[in-house]
Every structure is written in structure tokens, then in C-alpha cells.
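The structures considered in this document are given below.
Each of the two complexes below includes chain A, the first together with chain B, the second together with chain C.
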Partner chain A sequence: MPSFSAIVIGGGTNGLACAGRLAAKGCRVVVLEAGAVAGGGAAVREFAPGYFAPALAHTTRGVDARVMAGMALERHGLGFHPALATCVLNAEPLSVMRGKTTGADAAAYAALIAKLSEFARVLAPFRGLTPPRLTSSGNEWGKLARLGLGIRALGKADFREFLRMILINVADVAEDELTDDRLKGLLAFDATLGAWLGPRSPNSLILLLNQLACGPDILVPKGGMAALAAAMVRAAEAAGVVVRCNAAVARVLVTEDRACGVELESGEVLAADKVISAISPRTTFQKLVGPRHLDAGFFSRVQHIRSRGGAAKLHLALTAAPDVPDLQARMVIAPSVRVVEEAFNPVKYGEVPKAPVMEFVVPSAFEGDLASEGHHVLSAIVQFAPHAPKAGLEAARAEMLENTLAVLEAHVPGLRGLVAHAELLMPQDIEARFGMVGGNWHHGELAVEQMLFLRPLREAAQYGTPLPGLYLAGAGSHPGGGINGSAGWNAAGMVLHE
Partner chain B sequence: MNDLTHFEVPLRQTPFHARTAVLNKLNRWGPWAGYMTALCFGDEAMEHTAIRNGASVYDLCPMVKYRVTGAEAAAFLDRLTIRNAGKLPVGSVHYTVWCDDEGRVLDDGTLFRHGVGDYLICCQERHLPWLLASSAGYDVAVREVTEEVAALSLQGPCSASVLDAAGFDVWGLKPFRMVRFAFQGGKVTVSRTGFTGDLGYELWMEPAQALPFWDHLFASGAPWGIRPIGTDALNLARIEAGFIITNMDFIPADQALREDRARSPFELGLDWMIDWDKGHFTGRRALLAEKEAGSDWALVGLDVPGNISAEGSILYHGKKREAGFVTAAAWSPSVKRSVALAQVEAKYRKGDDLWVEIYALRELQYVKLMLPVTVVERPFFNPARKRATPPGRF
Partner chain C sequence: MIYDAVIIGAGHNGLVAACYLAKAGMKVCVVEKNDWVGGAAVSRSLYPGFTYSNCSYVSSLFRPEIMRDLELPKHGLQILPYEGGAVFTEGGGYLGMFRDHDANRREFARHSRHDAEAYDRYSRDVLRFCRFIRPMLMRTPPDPSSFKPRDIAELIWLGRKMGEMSERQMADMVRFWTMSISDFLDEYFEHPVIKAYLAVSAIIGTALGPMSPGSAYVLLHHYMGDVDGNVGAWGFARGGMGSITQALARSLAAAGGEIRNGSGVESVIVKNGHAQGVVLSNGDEVRGKRVISNMDVKRTFLKHVAEDQLPGDFVKRVKAFKIRGSSGKLNIALDSAPVFPALPEGAPNLKGDLHFTDSIEKMERAYDDWKAGHFSRDPFQDVMIPTMIDPTMTPPGKHFMSCFVQYAPPKIEGREWSDADRDAFGQTCLDQIEKYSPGFKNRVLHVEVRTPRELEAEVGLTEGNIFQGELTFDQLLFNRPVPGYAQYRSPIKGLWMCGSSTHPGGGVMGAPGRNAAAQVLREAKLPNRMSDAYAVL
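Showing the complex of A and B:
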């Protein structure tokens, strides 16, 4: 029976970041990935013969700087195309780059983004921190105090503004500060991207701050998302990590009340001093560990970690370039706050919105080899899709696809005529294929009541879990998901610390 | 009445109410788990005497009962409770407790194993949400059956003779075992269990059998002066036996509002039941940590000078420093001493220089007493007849 000092379950970007950091400190680490390639949300998928699209994530706000440097990812081939502009598709399209745009609201928008970026700047260091415990002992008090002081140092007026806005909803902010529906819609869309919230839901602004804290720019890796994952795999392997694909973990093994290894679905058993799960916390505890090794209160709270996904993924195989203002921009269709809110309303009742909102990129405009000469692929994140469709998955998927294509056609005339093949992944499809419970972007909703020391639950918020020897390292832990590796890197720090 | 207005209707009556109501000369009733229950039928001293010197009958119907069935019933109960439920032989009963994740006691109760995958939990408080949550992932069904089972507790040195006269041969029945008898076309289960610390049996039947069974039992027991008893007399007997009651001697962890009120099995003197080797159970890790770090509280038995009950009193170390409080106390007719159950801060568990401040009511005037107490072993009253098999024939 092979023995490692640590087993990492799940070869997504968080699992790889965690493994890389551990191996760099001399641990013998194996990453066990269920899929045929590592990468998780950052993988490539041939969704139609000869057409390749990013499996889930198609852009990133940047890999955590600690991961970039710690794993020397540049040296292992990771680079990025120039930052993408955002193009708000409309009768009059609007181009936006960070806080810069045109039109009547240009100054107001610049000021708003500057203010939000300032808030994001003081919040950003929290992303790299092990969440504090609500007890007097065991916290990094020095660090916490410094970060707290950082917020306080905003200055009196900004600090007051920070406190006013931190838990506010994005719709109010947009209405207060802007007049241009295109910008208001964009703000509403960006804040709720990957969330199970509408722009009028409480606390929706903080999600936008979290995104800005990851990075100001929207990036596409050179070679595509899969190249990012591949660079991480190379870096991890260079540090001594063994990455094993087609190795789905069926069970965490426990002896003497300690996680001591895993059993694969093939029946193979691997032993390790520490088992680190970089997959969904709910799956980890409910399926891999099971109730027999966990307290009843904890186990039932695990079942109640909210994990509803509202994002669907659309892949289109196109026979020619779509008619958009800029093939290398991120296109957003979110005409107003109201339209975004109304796209969210139906999913509360398990229904499909008539006019979904979305962002899309054309990956083939960056990499020539994703489709044959002259052909293109379009990758869209479409919101909101019901995670538990009343009409059943098949009917809801068909309706969602039709409504999405209709909205696309209205904004990109002639697009439907170019579609050779279309694939829509509903939240349930995403759960089935990627293991994200409920199809949720963050392996568990990122919402104020599931953040920091409550993420995913109080008892497991510092990456350790009630089961000694078992740790969490995926998007379900602080600071949540996205293609950045932060949670995995933090978790490794905690494992090394112990 | 509907699900939302149930609290507006009067307390329920037990299946024995038609008999207990006419015997309750004082009409003294109290609430117990949604039922009305007799506190005293007429004379508490005589009722206590029946427990210790004859045969007494207590209506046990309001006791909360859950039936646990299924292939993984034993595994479920082993995760739920601190004791080893899998090792409990079929046809046996054990006392047990269950805890929350923090290792704080939610309730105590008795666990009856009727079959390999068929158990009955009897307890004081209601726990269905917790039991159902605990059953997630187990092939087990948990159902509240409080209303489906009628029960009497027959306690006292003559109780075996009474049963014999009623046609139930229990001479060979050992403590914590049970046996089933035919009765008027149905079945009655007799377990050698009770809450008095004396020889005694609990009798379990379907509600439809309740009244005929009562009549038969009282007719058979007449020569031994069989007598219905209320909660007051039973409470006195249980204090003598040193037994604790949920929500009297400790507060269930899920009901405690103040964080420092919940207690662990260590703190209630129940840690002897913990099976550390059976695998994981809810609260195990917290309890293991407490075992290493030590506990904050201890439950002790006290010998109190004089004859005034120390009920509700505060304990002091060196007459000055608060050290704990009395949870139950009485002047015990059986041992002719004033005894008490108390929670004390763990460092005072030995009882050195421990004092009780009693407010004694003497002709409508309170008099403050400060008396030295001694920590003593429980039970205060522990007759050999409680264990003897076969029990004595009286």
C-alpha cells in the first residue's frame, strides 16, 4: 500500500495549489483527480467534434500572487493575454475597462469603481488569512489587528462609507451612483455572477468587492484555461507531487479516530498521515466520510450548507466569427438592474427566466486551435438557471437553451445561423460532471452567512475538520471559489502550521 | 384543536385516567410531557411507605418513548448514545445518556432492546428532531410511540409477590431483563426496572389493555396493600436512590440558554457509561478532550445535618465562597437522614469545608442555617432486595 504524507482529493486549481505548497515544504503529496485531466473548473472540453471550449471557467481575475510566485507558475509556462475589455452589448454598445468608460456616466463610474477598488484593497488581505475563531485563543491576532487597522486607515469619511456599503445590495449602489442602465446592468451582473442572489438581495455588493479583491482585470491565460491548469500540474510535479487522474476517491479511511487514507472507486487503498479534500465540503463529509465518524449536529449542519447553483454554461460551435464589436472582449448582456433581477426571480420557484443575462467570450479568438480555420467557439455563463427545475432537467435545459439563444440573437444578429452545435450545462449537469454540489460556483454559496469563520461551517472554517487528519482546501472554504488557488494555498499553510 | 393550537387545550389524560381520577382524593395533578399526572393521591407518607414496604403503582404513560427499528438500529444508537447499545442483549434494558456535539447531555433514559433491530428509548424530554437528524445515513426508522404504549411502574418489596398473584411468574427475572406474558388476548411486557432504587417492575401494554390490566393488578395486589402513588412520593424515593432527573438536576443542553449551564456525563457522574472503544459517537471528541483537561462541575451526594430539607440551597466553601447548589433534597424516611444531590464546582467535589445555607421556614418565618455537609456515596438507600434474584416472597 503506497504511503504519502498527504493525499489531496481533487485536482482542481485549489487542490493543485495546496499540493504544490505542501510539496515545496518537503511533504510527499499525491493528488487524486477523478477526471481524465486535472484542472477541475479550469479544463478544456471538446463539446462537439473539433470544437473545444473552456469546461467551466473561461476567464479569471488572476491567480493568487502567492500561488504564482510560490509555484513559479510563470517559469512553468503560465502567461496571460492582455486584460479583456468588457463590452456591454446594447443598441449602443459600451466598452468598459476597469473604471474607464464613455458616455454620460463616465466620471461617476470611474469614481464608483475607484471607491469600490479602495474597499477591495483593504479587504484583499483577508483572503489570504485563516479565518479567525470566535474564541480568545488560536488566532493570528497580530495579523488580524493589522488588517483591521488597514480598514480603519481608510480615513473617517471613507471608513463611514465602507461601513455603510459593506452589507448593502448592489442594486441600491447602482441606482444611487449611476444613471446609465448599461453600467447599472453591468454592475448588477458582475456582483451576482456565480451567486444565488439577485442584485436586490441583501449583501450582494460584497461579492463584487470580493471579485475586485481578486484582481482588477479580467484575464484569459495564454493557451486557454486548460493551459493554466497544465502549468499548475507541471509546477506541482516539479515540486515532487504525484498527480493521478482517473482516480476518483470513494471513501476517506479512518482508524483510531483519524483520517489515515482513502479508498478509490477502483477499490485501491492509499495511506497518508493527512487527507486534504479539495472537493465540495458537503460531498466530503456526507459521502466520503459519512455519519459514522462525525457528530450528529455537525453532520446535519453539513446537509444544510446552502449550495444552490444559478449559473449555466453555454458552448456554441460557430461556423464563422460572431458579429460582435470586439472578438477579444468579454461581452455582457444585462440591459438593466431590473432585467438581472427578473432573470433571478424565476429560479426561486424552479423556473427558467424568459430573458436570461449572460457574459460570453470567444476563446477561439485567442487560441487558433480550438476550432478549425475560420470557425469559432463561444463560451457563455448564463444566469440564472434553476438548480432544481420544476419541469425536470431535460425540459428546463431545452427551455433555457432556447431563451438564451433568443437573447443572444437579439444582441448578436445572425448568430443563430452560425450555430453548428450547442451545448448547455445546467447546474445539475455541472454537479454531475464536476462534482460541485448544486452546481454552485463556490462549492457552497458564497454569501455573508457562509463567509469567513462560517465557511463552510464554524467547525471546519480553519481548514481543519472535526475528524483529526482531515482538512478542506477547495472553493467551499474561505475565501471561496474562482480560478485563483487561494483556498488551497491557505489550507496548505494551515496543514504545515500544525 | 390543530397543530398550531394544541397548547390551548387542557392536558391529556392517560389511558389509566378513569381509575386514577377516582382515587385522587386531593385532585392534585401536575403536568408531565403534555399529560396530567397525579402528584399525590392522598397521603405522600403512605405512598412512600408503599414503595419501601409494600407495593406501589405509578402511572408511567407520559414518559416519552421512541421506537427505533431497522438493520442499523444498533449502529445508530451506538452513534447516538455514549453506551454500547450493540452489546445490550435482546430482552435487556440499560440506562444511558446522549450528548450534543460538545459532549453536553441532552437527556438520559432507558433503552429496551426488544429485538436485534428493535429498540425502545424511554426518556423525559422530546427529541424527535435530534433523533431524526442523527439517523441520516443509517438504515433505521425512528418513531415516537408515546401514545401507543401504556405503562405502569410497580415498585416495592412485595411487587414480585403481587405479580405472582396476578399470574405473572417473575421469580427468575433478573434486574434489567424483561419478559413477555399473555394477558387477555394481548401481551404485557414486564421489565425489572424502575426509578425507586427498590425491587420493582415496569409493565408495558397497549392502551386498550390499560383498564382491565389495572383492575386485575389491583385485585391481585389487594392483600399486599397495593396503592397508587403520585410524583411527590416517587420523587422522594428517587432522591433516596440518588437518581437524577432531566430538567431538575441538570438542564438538557439543547434547552439551556446560558452557555455555562449544560453539563457533560463527567459532570453528572455518568462517565462510567462511556464506551470509548465502540467507535465514534456524538460528543466523543469533546468528551475525550474534557477527560484530558478536566471538568468544571461534579454531581455529588450530600449528607446534611438536621432534618430540614436543603432543597434549593446554595453551597459555600469555607462558609464564604459559592461552591455549588443543591438540585434535589429531602429528609429521607428510609435512611432517617437529610440527604441532597448537588452540583459543585469540580474542585470542591471532595466536600472539604463545604457548607449549605438553608432557609428554614419555622412558623411562617425563615431562619437562616449554615450547616456543614459531607459528600457521601450514592445511592443513599440501597437495599439488597433490589438486586436479589429470586426476590424475597412476602
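Showing the complex of A and C:
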């Protein structure tokens, strides 16, 4: 029986970042990936004959700088295309790029983004922190207090503004600061991207701050999202990590109340001192560990980790380039705050919105090999989609696809005529394919009551779990997901610390 | 003559502040635009022989410390706790509520045994959150950006309170303050009607739906009061809600204070950056060393103070202060008691709050209508018949019914309410009641329909919001009403705020009035004879 010092379950960006950091410190690590390739949400997939699309994530706000440097990802081939401009599709399209926004509201928008970026800057250090335990005394709260002082250093006026805005809803901010509906819509869309919230919901602005804290720019890696995962695999392997694909874990093995290894679905058993799960915390505890090894109260709270996904993923195989202002920009269709809010309303009741909002990129405009010459691939994140459709998955998917294509056609005339094949992944499909419970791409909603020392649960917020030897390292842990490896890197730090 | 303090508005907070100042020896004058006192806590006779509580309609939040300090029972105030309540369901059934915890538990068990078990835990948890928040109500929030000893001491006090809790309690607290009530209840309960009933307090008066994060806090805001030490209980003021303000007015008179009715304020006199009194709409001046406004923050500073007297940042923040009208009201005179066939004969539930919204989804859909700028097609109504307990409000055998309705936007589709809109709104509500109480409409003698338009015009609440400003975190504690001005002061020296726009917010609570008076007395270096906030729990 092969033996490792650590087993990492899940070969997504967080799993690889965690494994890479551990291996660099001399641990013998194996990463077990259920899929045929590592990368999780950052992999690439042939969704129609001859057409390839990013499996789930199609852009990133950049890999965590610590991961980038610690794993020497640049040396292993990771590079990025120039940052993407955002183009708001409308009767009068609007282009938004750092400091180069068009339209009458450009100055107000720039000022607002500058203010929010400043808030994001003081919040960014929280992302690299292991959340303190609520009752621990001394050191950990000291760390937090220091970061708090960093916020106070914004100055009196900005500090007050920060406290006022930290739990505000993004719709109010948009209404207060902007006049152009297109920019208000963009702000509302960006804040609620990947969330199960409408822009009018309190606590929605902090999600935008979190994104800005990951990085100001929207990036596509050279070679596509899969290249990012590939670089991470290479870096991990160079550090001595064994990455095994097609190795789905069936359960975590427990002896004497300690996690001591895993059993694969093939029946194979691997032993290790430490088992680190970079997959969904709910799946980890409910399926891999099971109630027998966990306290009943804890187990019940695990079942209540909210993990509703509100985003669908659309892939279109196009026979020619779509008629958009800039093939290498991120296109956003979110005409106003109200349209974004109304796209969210039906989802609360398990229904499909009439006019969904979305962002899309054309990955084939960056990498020619994703489709044959002259052909293109369009990849869109469409919001909002019900995670538990009342009408049933098939009917909801068909309706969602139709509504989405109708909205797209209205903004990109002639697009439907170019579609050779369309694939729409509803949240349930995303769950089935990527193991993200409820289709939520953060493995648990990124909402204030599930953040920091409450993520995923207070007993497991420091990456350790109530089961000794078992750790969490995925997006379900602080600071959440987003193809940056932060959670995995933090978790490795905690494992090494112990 | 020059008063020590001129108070604008004879609402309950203005009167509470006036009483405390008068008792401390100040010469005070309250100026009120209406011919009656009370603001939104009034008893009006709008139909012969009937007394209406035509704005606020139930009491629980009113602070017992204030009642005691100002000797309100002596001045005629009596709160009658009510019992019961019911949610009528689509299929002709009902969920009853009772004053007794165990009776509730049995009723829950009739719907779901699981939920009956959970109810014990739920009640305990919510009570704990109340216990944490109640001492904060009667304290002036600190300014976290300040390094003054008082602010730091207050922050340390808050930190200590947090430190007294266990890890689990702290985690629960943070979650409860930020979650939606729908998510919160999902962690305890499974039956949709039980969830719908328990979610009610989380939406009343607010422009949030039960699925909006932060709505759980609004629930707490409605739970932290008490009637005779019974925390979370609600009651009727005998003789209508005006009895509270009438008693306050009598207490004020006994302390030597003055009230001028029919004296709407045109503007606040500001000289050299200092408030010196008010000009009334008839041109009269009422001079005072300080002015305390019970009006909401928008009305005070955007309508009655010249903009050039205020710092630009402050004006910007006041303009952005969210006062969102979300509710309407029907006040109905009934010829006889309505009959609800779903209820067993003699059930005590009619003595409490009645609802026709049997799922959180219906509530949330009603909110979606509001967001789109309509009044709700299938509204949420909080219906009370105070005359089931208090017979003094109507002739024998007749009844007064108060229907609090959500949601009603301050503007319909962006335009002002018309009379036709108002009537359609009223009809929608009456039709809903008729559905559950056949023959109801035939019992109706008179209906007063109030939309946010009427509330703003008569009571002066901007947009008709009953809390004088939304209760979301960006407008609570040290953020209320404006960061840096949460200590009842304004940028103008001698101009103070004491309305529900200030901490701890709306409801017939009196705490803002008392806290403001405490700050005024502190600055005037006068003795403060207020009793300490006492803990019932």
C-alpha cells in the first residue's frame, strides 16, 4: 500500500496550490482528481465535435500572488493576455477599461471604482489570513486588529464611508453615485456574479469588493484557462507531487477517530497522515466522511451550509465570428439594475427568468485551436438560473437556453444564425459535472454569514475539521473561490503550521 | 421669550425628549403642525363613535424605563397584552398562535412534530439575541472613527458584551444579524405556514423581502420589546395608540412643558452656525437656545434648513439616506365582528394578529411587486381587531379593524399616487379579507385607506416609511442616520435630532427621544435623572 504524508482530494486550482505548497516543504503529496484531467473549473472540454470551451471559468482575476511566486508558475509557462476591456452591449455600447470608460458618467464611474478599489485594497490582506477562532484570545485577534487598523488608516472620512458601505446593497451604491443605466447595470451585474443574490439584496457590495481584492483586471491565461491548470500541474509535479486523474475518492478512512487515508471508488486504498479535501465541504462531510465519525450537531449544520448556484454556463459553437465591437473584450448584457434584479426574482421560486443577464467572452479569439479556422466558440455565464427548477431540469434548461439565445440575438444580431451547436449547463448540471453542490461555484455561497470565521462553519473555519487529520482546502473555505488558489495556499500554511 | 429647547414635532420621541428636558428643569416648547399631538401614535375619531389607531396600531417596543420615569400609567396609559393570532391558509385551514409557549408548541405539532421540537430551540436562540441587543437601545452609539475617550470606552463596552458570549453564540449572532429570515428559518423549520408566520416580524415596515439578507435583524427589532416584562409580547394601548402620546403630553404638562398645536415649522433659524429657534409657517418665531427635531433626517435638513448652512458631505449623505415607504394601512369600522369559518368557534385567535399569507414565497412575491413599483397584487396584511380586547374604542358590538399592508411603494411606477390608485389598493386588500371571511365587506361601515402619500402628508414621514429610515446595517448603530452624526447632534450647533431616523430606529419605542435628551442634558451640564436601562431578562 503506497503511503503519503498528505492526500489532497480534488485537482482544482485550490487542491493543486495546496499540494504545491506542501510538497515544496518536503511533504510527499498525492492529488486525487476524479476527472480525466486536473483543473476542476479551469479545465477545457470539447463540447461539440471540433469545438473546445473552458469547462466552467472563462476568465480569472489572476492567481494569488503567493501561489504565483511560491509555485513559480511563470517559469512553468503561465502567462496572461493583456487585461480584457469590458464592453457593455446596448443600443449604444459602452466600453469600460481601467480609467478609460466611455460615456457621460465616465468620471463618476472612475471615482466610484477608485473608492471601491481602495476599500478592496485594505480588505485584500484578509484573504491571506487564516480566520481567527471567535473565542481564541491573544495572537489571532491581534492579527485581525492590525488589519482593522489598516482600515482605519484610510482616514476618518473614508473609514466612516467604509463602515457604512461594507454591508450595503450594490443597487443603492449605483443609484447614489451614477446616472448612466448601462454603468449601473454593469456594477449590479459584477457584484452579483456567481452569487445567489439580486443587486437590491443587502450585503451585495462586499462581493464586488472581494472580487476587486482578488485583482483589478479580468484576465485570460495564454493558452486558455486549461493552460493555467496545466501550469499548476507542472509546477506541483516539479515539486514532487503525484497527480492522479480518474481517481475518484469513495470515502475517507478513519481509524481511532483520525483520518488516516482514503478509499478510491476502484477499491484501492491510500494511507496518509493527513487528508486534505479541496472539494465541497458538504460532499466531504456528508459523503466521504459520513455521520458516524462526526458530532450530530456539526453534521446537521453541515447540511445547512447554503450552496445555491444561480449561474448557468453557455457554450456556443459558431460558424463565423459574432458581430461584437471587440472580439477580445468581455461582453456584458445587463441593461439596468432593474433588469438584473428581475432576472434574479424568478430564481427564488425555482423559475427561469424571461430576460437573463450575462457576460461572455470568445475564447477562440485568444486561442485559435479551440475551433477550426474561421469558426468560433462563445462562452457565457448566464444569470440567474434556478438551482432547483420547479418545472424539472430538462424543461428549465430548454427554456433557459431559448431565453438566453433570444437576449443574445437582440444584442448581437445574426448570432443565432451562426450557432452550430449550443450547450447550456444549469446549476444541476454543474453539480453533476464538477461536484459543486447546488451548482454554486464557491462550493457554498459566498455570503456574509458564510464568510471568514463562519466559512464553511465555525468549527472548520481554520482549515482543520473536528475530525483530526482531515483538512479543508477548497473554495468552500475562506476566502472562497475564483480560480486563484488562495484557499488552498492558506490551508497548506495551516497544515504546515501544525 | 427664549425657551431652553424648542422641539419640532409632537410625535412620541419628541414628547419623550421634551418630558425629560422639562423634568430636568428646562423650559421647553413643542411645536406641532397638526391640531393634535401624537405623530404616528394617535387615536383619531374619523367615523362617528369610533376611535381609530390610524397609524401605528400595536405596542411592545415602548421602553418600560421611559414609562416609569415619566409616570405614564399615572397619566392614563394602560397596555393590554393581546393573545393569539392566526394565519389562514389557502385550503381553508389555519395555524393558530397563542400567548402561551406550550400552546404554540402544541399547535405547531398539529402541523409538524419536527417544527414543534425546533420551536423551543428557536425561541431560546431569538431570546438570547434580544438579550444582547436590548442594553444597546438606550445607549448612544460610539463613533468608531473617533479616538475620544467616550467613544473608545463605548467600543470597549461593546467588545466586552461580545466577549461574554461563547463561540457558538457569537457565531450565531453574526449570522443572525446578516442573514435573511427565510434562510434563518429554514435552519429550524420545515412547514411553510409556520415559516410564513414566524417571518412576519422580519418584513413589517421595511422595504425588504423575507429572502433579503438582513431581514432577520428586522425581526429582532420587533421582538426586543415587551409588555409588562414579557419579552416579545405585544399589546394594544387602551383607547388606541394615541393614549401613549396623550399620556406623554399630560406628563409634559405636569413637568411644566408647553405644546403648540397647529404650528407647522417653516424653517430653523440658524445664526452664526448656531440654531436659535424656528419660524412657523404663519411667520411667528419661537426662539430657543437649542432646537430638537423629531422629524426624519431628510425632512429636517433638506426642507427646513438652508443647504448652505450644512457641509456638502453631510447633505449628500442625507440625500442618500434610504427612507423607503413600503407599507399602507386600512382602518375599518365594522358593524359586527367578522367571522372566519376556518377558526373553531370561540377560538381566542381573533384577539391577535391575523394573516392571509401562508408561505414565504407569497410574501417575497409581494415584495417583487414593490420592487417593480406596484402595490402588491396579493398583499401581505397584518390584521388586528383591538376592540376584541379593548371595548372603549367603538360602540358596543361594533369593531375597529386595523390592516397594515405590505407592500405599497412611495410612488406608483414612478408617478404620484392618485385617488384611483388608492381605491384600487384598498379594494385589493378588502377582497383578500373577504376571501377568508365571507360576508366581511357587508359589515364594513367605513374604510380609511392610507398609502405612503397620506402618511407623508399627514404625519410627515418621508415616503411614508414607518421607521423614518430603513433598518439595514448601513443605516444602523453608528451609521444612523449619517456616519459621524449618530450621537443625536447635527453639523449645526444647537440643532439636535431625536426622531426614529436616529439610533436605535423606528417603532413606538421612545428610545431615540430619551437618548437625545440624555445627550442634550450632558452638553448643558444638567443632572440626568433617568433611570438605568433595566434588564428584564
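In this text, the second predicted complex is superposed on the first by the 490 of 498 C-alpha atoms of A that agree within 3 Å, B and C clash if a C-alpha of one lies under 4 Å from a C-alpha of the other, contacts with A are read in each partner's own complex, and residues count from 1 in each chain.
The rule is short, and it goes like this: a residue touches a chain if its C-beta (ideal position, glycine included) is under 8 Å from a C-beta of that chain, and two chains touch if they have at least 3 such contacts.
Computed from a predicted model, the values in this text were never measured in an experiment.
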item	value
Partner chain(s) touched by A:A406 [first = chain B, second = chain C, both, neither]	neither
Which superposed partner A:P291 touches (first chain B, second chain C, both, neither)	first
Which superposed partner A:T135 touches (first chain B, second chain C, both, neither)	second
Chain B versus chain C as contact partner of A:A145, first or second or both or neither	neither
Contacts of A:D257 with chain B and chain C, given as first, second, both or neither	first
Partner chain(s) touched by A:L163 [first = chain B, second = chain C, both, neither]	second
Residue contacts with chain A in the superposition, chain B compared against chain C	C
Those residues of chain A which chain B touches in one complex and chain C touches in the other	none
Residue numbers on chain A that touch chain B, as the complex places them	257, 286, 290-300, 303, 459, 466, 468
Of chain C, residues touching chain A in the complex	144-145, 166-168, 170-171, 174-175, 178-180, 183, 186-187, 208, 211-214, 313, 320, 322, 361, 364-365, 368, 371-372, 472-474, 478-479, 483-484
Chain A contact footprint on chain B (complex, rising order)	75, 79-80, 100-101, 130, 133-134, 136-138, 279-280, 282-285
Chain A residues within the chain C interface of the complex	133-135, 152, 156-157, 159-161, 163-169, 172, 176, 197, 200-203, 304, 306, 338, 341-342, 345, 348-349, 447-449, 453-454, 458
